[in-house]
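I've put the structures underneath this note.
There are two complexes below, and they share chain A, which is joined by chain B in the first and by chain C in the second.
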Partner chain A sequence: MASLKFEDIEKNYDDLTVVKDLNLEINDEEFIVFVGPSGCGKSTTLRIIAGLEEISKGNLYIGDKSVNQVEPKDRNVSMVFQNYALFPHLNVYDNIAFGLRARKVPEKEIKELVTNAAGILGIKNLLARKPKELSGGQQQRVALGRSIVRKPEVFLMDEPLSNLDANLKVQMRSEITKLHKELKTTTIYVTHDQIEAMTMADRIVIMKDGVIQQVGTPKEVYNYPNNVFVGKFIGQPAMNFINGILKEDAFIFGEYMLPLPIQQIDFLRNYIGQELILGIRPEDIHYEGDYSLQKSSLNIKVDKVELLGSEAYAYMNVAGEEIISRINPRLDIKSQQNLNFYFDLEWAHFFNPKSKNRLRKTELKNVVNQ
Partner chain B sequence: MKNGWRNSTFKVNFYSWLFLLPSLIFLTIFTFYPILKTIYQSFFQSMQGEHDSVFIGLDNYKYLMEDEVFWEVIKNNIWYALGTVPTSIILAMMMACFVNAKIRAKSWIRTFFFYPTVIPTIAIANIWLFIYTPGYGLINHILSWFGIGSVNFLGQSETVMAAMIVMIVWKQAGYFMIFYLAGLQNIPTNLYEVAKIEGTSAWNTFKTITFPLLMPTTLFVFIISLTNAFKLVDHIIVMTQGGPNNASNLLLYYIYQVAFRFWDKGLASALTVIMLMIMVIIAVIQFFSLDRKIHYS
Partner chain C sequence: MYFLALLWVIPLLWLIWTAIRPSQLATSLSFSVDFTLDNFIDAWQKAPFAQYYLNTFYIVFGILIVQLITATLAAYVFARLNFWGKKVIFILILVQLMIPIDVLIFPNYNVLRDLSLLNTKLGIMIPYFATAFGIFLLRQRFKSVPYELEEVAKLEGCGILETIWKVYVPLAKPTYIAFGLVSVSYHWSSFLWPLIVTDSAQNRPLTVGLSLFAQSFETGAQWAEVSAATFMVIFPLLLAFFIFQKEFISSFMQSGIK
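What follows is the complex of A and B.
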């Protein structure tokens, strides 16, 4: 088990920079999820850790050892691939034993270790089978088995669940989490699925265009997104963003005016008269509001209602932007109805329309100082 | 009701046969009929020019069993197969692995390796005739630098088969390389990344990943080169005419000699039947033993 440290890491392919200014420390025993859209550099980062890609600039430490010049096999990491990368001509036992044999572990010990790993993953009865005789979930377990049997210091997982169907995904998600709790091995997990990130991670690293956008616990990144991108990427459906102008005690957009709660007025004092982006989660736009929110209600026409079973979403159009509100699925709301929605601005955030960054108290200070 | 059911099966059958018809016609005319006719003829003594052929039962085969040239030809052919098949396969695999790696001028090297395949047979024969020419040929020229006297590679029974084998390996290895190259590119790169991370040595990576996953290609190439080994005729016609003293005479060339030099149709047919049986045996080996041990992804 080991901690990791990225120091100003950059990765270029010819003219293309895929990872830029990567600075990050990963603690021992931590479960870190790299998340972002495709092409954001998350997989490259993982391959850099594995040693499958060379670093163009910067330093990478595993434990307290710089591994820039260390071969993949000497980094003591193991990797699970999206397509599992099982050897099709070897049976499950030999697949799991592959790394041990490469390291010349005695066969007797291999047998013990493989049986043990297969036991943990519940695939003891499949050891004699070939990969193509297994279901996707079972293949996934074999890949995990090959990865854990060697007891590496770091697990690397590259979108391991994205080839599985929805139900299996949920099941494997909790199994991987459980496995991590048991083995306590530092795990770096790459996915494009923000739900996987939210449910599994100790800390999430959100990347875009090769640059880290935010690092934080699931709660932090959900409740305090650093910028518009993070707000859009984390959360399903995404955070609502509304362009408007800040007046003294209200936010104005189109024909609508939202009065601000006191603490927000105080916080936004220096932005009065400026254009800002309001970010508000769908669950903070209520249809059945409590009376205290009466002030900040808007009468909006519902375009359509989407029922997901345990929840429902109302889609509306305000000032040219689509916004979504989470509503009680038992309510009988028809589309094209005009309804009152209450905006709970206490959890709302404001973003700079140019930099797209969230306004913070520290930024406020800078403005004051200037 | 019953009638209608019959009608519909008839329809299905009728259409199936209709779709099969074009290839069936060609197979019948050019494969089935000649095979049957050859087997039939092998039981007759029929010299070209004589209209009456005489049924002689297995006499043609009996004659072959006692024919020294026939046994010489079979022996030559086995040596020829042993010389060309494994060498071509190993060379092709090595060349493919080499040009599949990250090297400079990859496409140029690939072209060089493949180039013997695209040269016409007669041109190849002529090139190698020159290479093997006694006195001023390429090899003898080089040998003369070391003070070694002229060797007539194609003119001595001890060297002629080896000379043919070298030429054929040169000619077909590049062709087989293409199949291996395709096979290599079908192996997911992830598997090699696993090997890298797990710390498998280069030789073990080849042994545990590349080689087994290339087995379908190897089987294919094996069958092709083995059948090729029994089908060589054109180079022999151009370069040696089976000589000297039948030392480079192979089965197909012998059939050609018997049929079109000695005009003995019956004996040629018997030889052809034997060749056919050899081919069938090769096919049986493929289907019943090798095929089962090979992983097809």
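What follows is the complex of A and C.
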């Protein structure tokens, strides 16, 4: 039973509150990713679980046990650090065996466990080497080996892939996911990379300034962001946000008037005459030939075009803000052209410009109060 | 360059030369092929050098072992822990480095007398058990150990002492070697303090024994035998330097590369 429960967790350093009002339940065998910008409190939260930071207020439960006062070594968790934290004076075998030796496991059993873990991670041939003789990816595997060999209840990972190059990152991502499927251990993973979060997580926890912004599956978080921050943080390129005013049947921004579909007019009836923020993802703004016949299409000048190979993005300026549209990479679109862009509002959202929260049709269960 | 090295080595060469020449030829400049070990045997028999050797070994290595323990523990505390008054205490320890050792001879003597430790090897050793130099060196070294290594040790089941022993000590090996060499060579050659504390051959180290031996000849200095005795006193240190010169150099290079 390796579920976790955070109850009103708060962490303070003198006057600075780094984590606030943290309430969260993590289920057994889940792969949870904490994501957010630097300084949002995600690493601190991870270290609180490990016991490397003390809890200022609140309760933490691992399984059914309250672990506030429990020493790190007795919490049955293991941690992979961003810099691997391998002991430079020990070889790979001794590094992996370190925790087992500290717990006085007999050497014969240690040999079996270490060889097994090394086999899973494909590093059996490196057991005699010292860390400085290994590449970054190999060192990362040794760090993973050390964390799994003890068979703890929870794996903690603190930005383990940050120091690897792009290709290695992709490879290690799938290896960690594979490892998780094989070992079925509850894993809590911290990163600032939203791609890692989207591709690896069962559920994502987005944090900003010490407060949870949203908890949900990658799909939920992508399609129904709780607020502007989440909308901007998840997804690449980021969601477009346009400030404007809601009129009876259109959203007005700058010199543009965007007609709205009927169902949304019902939902937004209370907001007519108010300033709102429209959030719409680049893939929902289309240019595919001549859309001038469509109702929700606007004629906008393209500032520049970025070609990534399999995708292309058109950058435009509306009402003083830059917006991005994903376009067919095979089309020949030049900058400074005026084109008709169709705004598909099925997955777009409106946000309150003061609270930055999303306007909702129904109340969704979540930890953030509007 | 080589000329300077030659200049430095000349007294040592003269010492060895005089020690292995028969005593009549001690100060003569003849280059006859007349070598003897008699001087060594004579000196060994005239004064209890065996006892002196034992005393010196006991004192030097006794001090070193206790220093290693106290310096390691203190260095860890100042490198990693926080407590009220930490800065003040650390400054006090650094102050010890600045006080000339001779100033402390009289107060230390009085303390030994009150503890009834005069004329004992323990008396010679006690003032040196805590070493500010060692604490300083090790603290610097411990501070450069990535803190995450300690956190891993904590997570993996080590208490504080186990963490120090398994993580910090192995990573400070060059520092320990450097400090060990400094401590051993200092205390092996230390003269004034042991001279004041001891007055019997039972507890006298080699330095004091040698000076008494050199002054004991009524008919004037017996250069051959004194040279032999001197050589016996410095020989272990010379040997240590030859054996450890690689460690010496590599330890200083390692601590420089960061």
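The definition used in the following text is that the second predicted complex is superposed on the first by the 355 of 370 C-alpha atoms of A that agree within 3 Å, B and C clash if a C-alpha of one lies under 4 Å from a C-alpha of the other, contacts with A are read in each partner's own complex, and residues count from 1 in each chain.
Following the convention adopted for this analysis, a contact is a pair of C-beta atoms (placed from the backbone, for glycine too) under 8 Å apart; a residue touches a chain by one contact, two chains touch by 3 or more.
Keep in mind it's a predicted model, so treat the numbers as computed, not measured.
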{"item": "Clash or fit, chain B versus chain C on superposed chain A", "value": "clash"}
{"item": "Partner chain(s) touched by A:Leu183 [first = chain B, second = chain C, both, neither]", "value": "neither"}
{"item": "Partner chain(s) touched by A:Val211 [first = chain B, second = chain C, both, neither]", "value": "neither"}
{"item": "Contacts of A:Leu298 with chain B and chain C, given as first, second, both or neither", "value": "neither"}
{"item": "Partner chain in contact with A:Ile195 - chain B first, chain C second, else both or neither", "value": "neither"}
{"item": "Superposition clash, chain B versus chain C, among 5-13, 239-247 or 257-265", "value": "239-247"}
{"item": "Chain B and chain C contact sites that coincide on chain A, given as residue numbers", "value": "50-52, 71-73, 77-79, 81, 83, 85, 87-89, 98-99, 102-103, 146, 150"}
{"item": "Complex contacts: residues of chain A adjacent to chain B", "value": "50-52, 71-75, 77-79, 81, 83, 85, 87-90, 98-99, 102-103, 130, 132, 146, 150"}
{"item": "Interfacial residue positions of chain C with respect to chain A in the complex", "value": "146, 148-149, 151-158, 162, 166-167, 170-171, 173"}
{"item": "Chain B to chain A touching residues, read off their complex", "value": "188, 190-191, 193-201, 204, 208-209, 212-213, 215, 295, 297"}
{"item": "Residue ranges of chain A in contact with chain C within the complex", "value": "50-52, 71-73, 77-79, 81, 83, 85, 87-89, 98-99, 102-103, 146, 150"}
